[in-house]
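Quick notes on the structure that follows.
In this document, chain identifiers A, B and C correspond to the written order of the chains, with residue numbering beginning at 1 in each.
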Amino acid sequence: MIQKKSPEEARKSLDLIFHDLTRSLRVKDELSRFWLFILIMFCIVGVWAWGYQIKEGLGITGMRDYVSWGMYISNFVFFVAVSLIGLLISSIMHLLKIHWAQPISRVAEQVAIAAVGLAGLIIVMDMGRPDRFLNVFLHGRFASPIIWDVTVITTYLVISLLLFYLPLIPDLALMRDRLKGKIPEIQYKIYDILSLGYRGNAQQFKIIYHSLRTLMLLIIPVGLAIHTVTSWLFAATLRPGWDTTIFGPYFVAGAFVAGTAAVIQVMYVYRVRYKLKNYFNDEIFDRMGKTLVFVCLVYLYFNINEFLVPGYKMKTAEGIHLTELFTGKSAPIFWFTQIGGLVLPILLLLIRYFRKPFPLTFIALVTLVASWFKRYIIVVPTLEHPFLPVQNVPEHFVHYSPTNPEITITLFAFFAALLILTALAKLFPVITIWEYAEHQGIEKKIMFNEYEN
Amino acid sequence: MNNANSRRNFLKMAGLTAASAGVAASAGFLSSCNRIEAVEGDRIKLLTSSGELVEVDRASLTPAEIPSLTENQKRGRAGLPGRKWVMVIDLARCRNARKCMEACQTHHQLRPEQHHMNVLQMKDAENTSPYYMPKPCMHCDNPPCTKVCPVNATFKREDGIVLIDNERCIGCRFCIAACPYSARVFNWLEPRDSEKYVGVTYNIEANVPQKKGTISKCLFSADRLRDGKLPSCVSACPNSVYWFGDQNEDAVTNGTTGETVSFSNLIRDNAGYTLLEELGTKPRVYYLPPKGRAFPYQGEIHPS
Amino acid sequence: MKKTIIIGIAFWLAGLSPAFGADNWPVPEEYNVMDNPVEFNNQNVRAGRDIYDKNCKSCHGDPGNYNALPLVPPPPDAASEIMQANSDGQLYYKITIGRGAMPQFETTLGSDDIWRAITYIRRFDPRNEGKLVEEALRKGKIYALVGNYNSTIDIVAEEELTDNNIPLSNTTIFVRAKKTFGNLLVGSITTDENGRASYAIPQDMKVKSDGQVDFILSLNDDFETVTFSVSGVQVKQPDSNVELPRVLWSTNDRTQIWLLFTYFAALIGGWTVIGYVILQIYKLFRLGRNNKP
């Protein structure tokens, strides 16, 4: 299916590909400066709000003794969920040799790194005593799901970074070979060092290929563990709404929905912003749309299990919780997450038109927002209905409503994640050049031949 | 031991009388070094086991009674040997007087909205009669809270008490999420009167001084138990609601009347039960059903 | 709900209002003329005192000492005029029905006991001054030894008369066990004609983990308060240090082996693979350096 190109053709084609895919490195217009300014400003405001929170205590948030986990934990779960897309696209689809997904594997890794990094930060921001974070390592209690979570998140972050870095090495070598003098000296120096003197010879490629395969296999259990363990933070308690055995797979399925929707957003931005229409082409969007339908169907199946089974029985405590979700105060959010986040994407994306880039991106955005609220609806309503009545406390203990500093810190996480994504896109090609070129029938020999001894 | 250090030390006194006797006895000694005392202002804040913060002269106290922070944490983690504390709450006798809540908040430096002990108004089902239910920590024998703590900041001692080390707590609040009895409170803001407690060495068995960003909860007044006293709430109740004792001895004593009865007989004869026992937490707090009540249920009202 | 609140507020106001004091507690007509069926004698006063101490003292204080709890409305002292101004029937009504902080004792005390408590309260009525001739309390003495390999307490009781001591025969000795916060009545035994008794320590007695218990022996109310302690009776073997079970909720040192094994196996396994990949990257770095053109 891949036609071998003549050396002449191949060289020309490679030049074009390289030019297109390094455009993100070169774009330095007003818009990108403004974007960077916005991101950095919001990040500074967020860090300032965090400082304020450390000084005053977590009391500046809307959380209190009953609803003691709020937006931060919802956000944490959301980011952990989004990060799982790295597992699906750059590992599982690779191992299954699903070739259309190959150009988006770097996007998936970017998203995974940004999300899992932020997840780690959010959890520190949620701590009452972030100054004692090291206690987790000094006094860690191995029976606590939090210790498991810290362990797997750290591991997943390291694997994601490696999975990002390893396929990047040949690209860095290409940039080292082709960009001398065209980019700032310091940037060139970084590429030079990071490329590890890659020359595209068989021995070097074998090492990269072999390491990649190893990591792709390793990330499967670790990736599943990160979200399963995160679900256990809830499922390990006795509370109605959390006390269920399907939380592990339920969270994993939900994570694929959130992650797929997030990757579609990033793809679309890159496609428009970096003029990559031919790379993030309609076919990839179409297939991502179908993927979204598939993961939504799986997640819908788990949702039906999660709500229909206890809803059929309506045990006392579960009944209060479910009534609250179905018809009570949380009903608008609940039905938005179910319909906007699951039913609509499934129905709409079955139609070919809606799988075109723009409509798909819009639908995926709704799904992504619903995914965030889905986490919120998992965390908060359960805490609002403990087993024993909430009494003798002020009104704001009874119901949770996030405060401004809390929302600021939550927004910070999004802007910080976008900042990481932007930085990665500005520094490194958003598609693996050598891999893409190889699929276009360009041999490695041609890519690196200038320096072949 | 140098001054700066010892001033920070937390002292537990057998009672104020002992301290004043000490002042009288050492008056001669004091006058001889009056100047130094005046210069140093060597007064020390201490917490009596009833929860009062007093400031007394350091010279009037015997150094033997000063446990250091590490020592305090160590013995606090070990607990009192050979004990199995148990509490029985007689729902038939509760009037919602809330003396227990007040005493508890004084003892443990709690804000008005923070309750280690909370008197709830319960109604089990639509047609059942409402009743008042004082709710401390259940000190479960299968505690869901210590199970999830990532840093061992909350733990169960061998005498049955589930304690907190707020010098260790990272404030993740997983234990709040895990506790089905809503027994735990968090210091969302600066704790009550925190400025008064500056320099007071932490006493793990009273969880005082409280610290911002850490957890607190009912501790059965472990510091008072060490002194052979009943917990604050038990002693404060005017209506004989609380029985407290050592299950190994099979005896509980009423905090109001001082009457001591057999724990197993009390539970057996009055159909005692534990709260939410279907959850398998195995509480150490037992309830006697609200049958033959001493007071009629009066709703929200709790006249003092 | 609204109704309850209104009633509640009414109650509360009633409690606050000084006009609604003890004098102003309406008692139904039929109670005013009720007579105390319990005879006013030493025995009933004593019985009443026990009931009072257990049920009333915590709020009303010691009669005549005016050390009642500062509640609103204030619980009157048993010896006070306010209290004594009530007729027997009025007292009976108030004790039975209760109000505000005053419990409704009909649910916890029998009417005989309530009347006995009233009898005790009446002892502090000035009109009853001198009506009761207090019998002089007898003087007794108890000695005891632990006998028969810690299974019995051998007791000798005698009465101190002015000139000599005689054995106390057919007298009840109360046996209490000292517990952490109070003494628990565990049994009683009657002396024989020689003033001797042998109390068999119950085999199923629950004691502290050191297996020891302190017994306190005493005589009944006819005697001046006299106790005799038998300390440190080893009624059980001390609990040997049983190895504590490994449980999920405990600290690391007592957590389950399988858990530690699984955690560390996964941790070491995962990081070994990561370490291997990092080693490969190092290899790549070495290769690249050697390959430099």
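Criterion: contacts are C-beta pairs under 8 Å (C-beta built on N, C-alpha and C of every residue); 3 or more make two chains touch, one makes a residue touch a chain.
On a predicted model such as this, the values are computed, not experimentally measured, just so you know.
Asks: Report the topology of the inter-chain touch graph, choosing from line, ring, star, complete and other.
Replies: Per interface graph, the chains form a complete graph.
Asks: Counting C-beta pairs in contact, which comes out ahead: A-C or B-C?
Replies: Between the chain pairs B-C and A-C, B-C carries more contacts.
Asks: Provide the C-alpha centroid distance between subunit A and subunit B, rounded to the nearest whole angstrom.
Replies: Centre separation, subunit A to subunit B: 46 Å.
Asks: CA centre of subunit B versus CA centre of subunit C: separation in Å?
Replies: Once rounded, the distance between the two centres reads 19 Å.
Asks: Would you kindly tell me how far, in whole Å, the mean C-alpha position of subunit C lies from that of subunit A?
Replies: 61
Asks: Give me the residues of subunit A that touch two or more other chains.
Replies: Correct list: 140-141, 143.
Asks: Two or more other chains touching the same residue: where does that happen in subunit B?
Replies: Answer for subunit B, listing residues that touch two or more other chains: 144, 147, 152.
Asks: I need the residues of subunit C touching at least two other chains; which ones are they?
Replies: If we look for residues of subunit C contacting two or more partner chains, we find 248-252.
Asks: Write out the stretch or stretches of subunit A touching subunit C in their complex.
Replies: 140-143, 148, 151, 155, 158-159, 162, 165-166, 169, 195-199, 201, 203-204, 207-208, 210-211, 214-215, 218, 221-222, 225, 451, 453
Asks: If we count contacts the way the header does, which residues on subunit C are in touch with subunit B in the complex?
Replies: 4-5, 7-9, 11-12, 15-16, 53-55, 57-59, 69, 71-72, 98, 100-101, 103-105, 107-108, 177, 179-184, 206-210, 239, 244, 247-252
Asks: Can you tell me which positions in subunit B touch subunit A when the two form their complex?
Replies: Going by the criterion above, the answer is residues 101, 113-115, 118-122, 135, 144, 147-153, 168-174, 176-178, 180-182, 184-190, 211-215, 275-276, 279, 281.
Asks: Give the list of subunit C residues in touch with subunit A in this complex.
Replies: Touch residues, subunit C against subunit A: 248-252, 255-256, 259-260, 263, 266-267, 270-271, 273-274, 276-278, 280-281, 283-285, 287-289, 291-293.
Asks: Residue numbers of subunit A touching subunit B in their complex, please.
Replies: Contact set of subunit A toward subunit B: 56-59, 61, 63-66, 68-69, 126-130, 132-133, 135-136, 138-141, 143-147, 150, 233-234, 236-239, 383, 386-394, 397.
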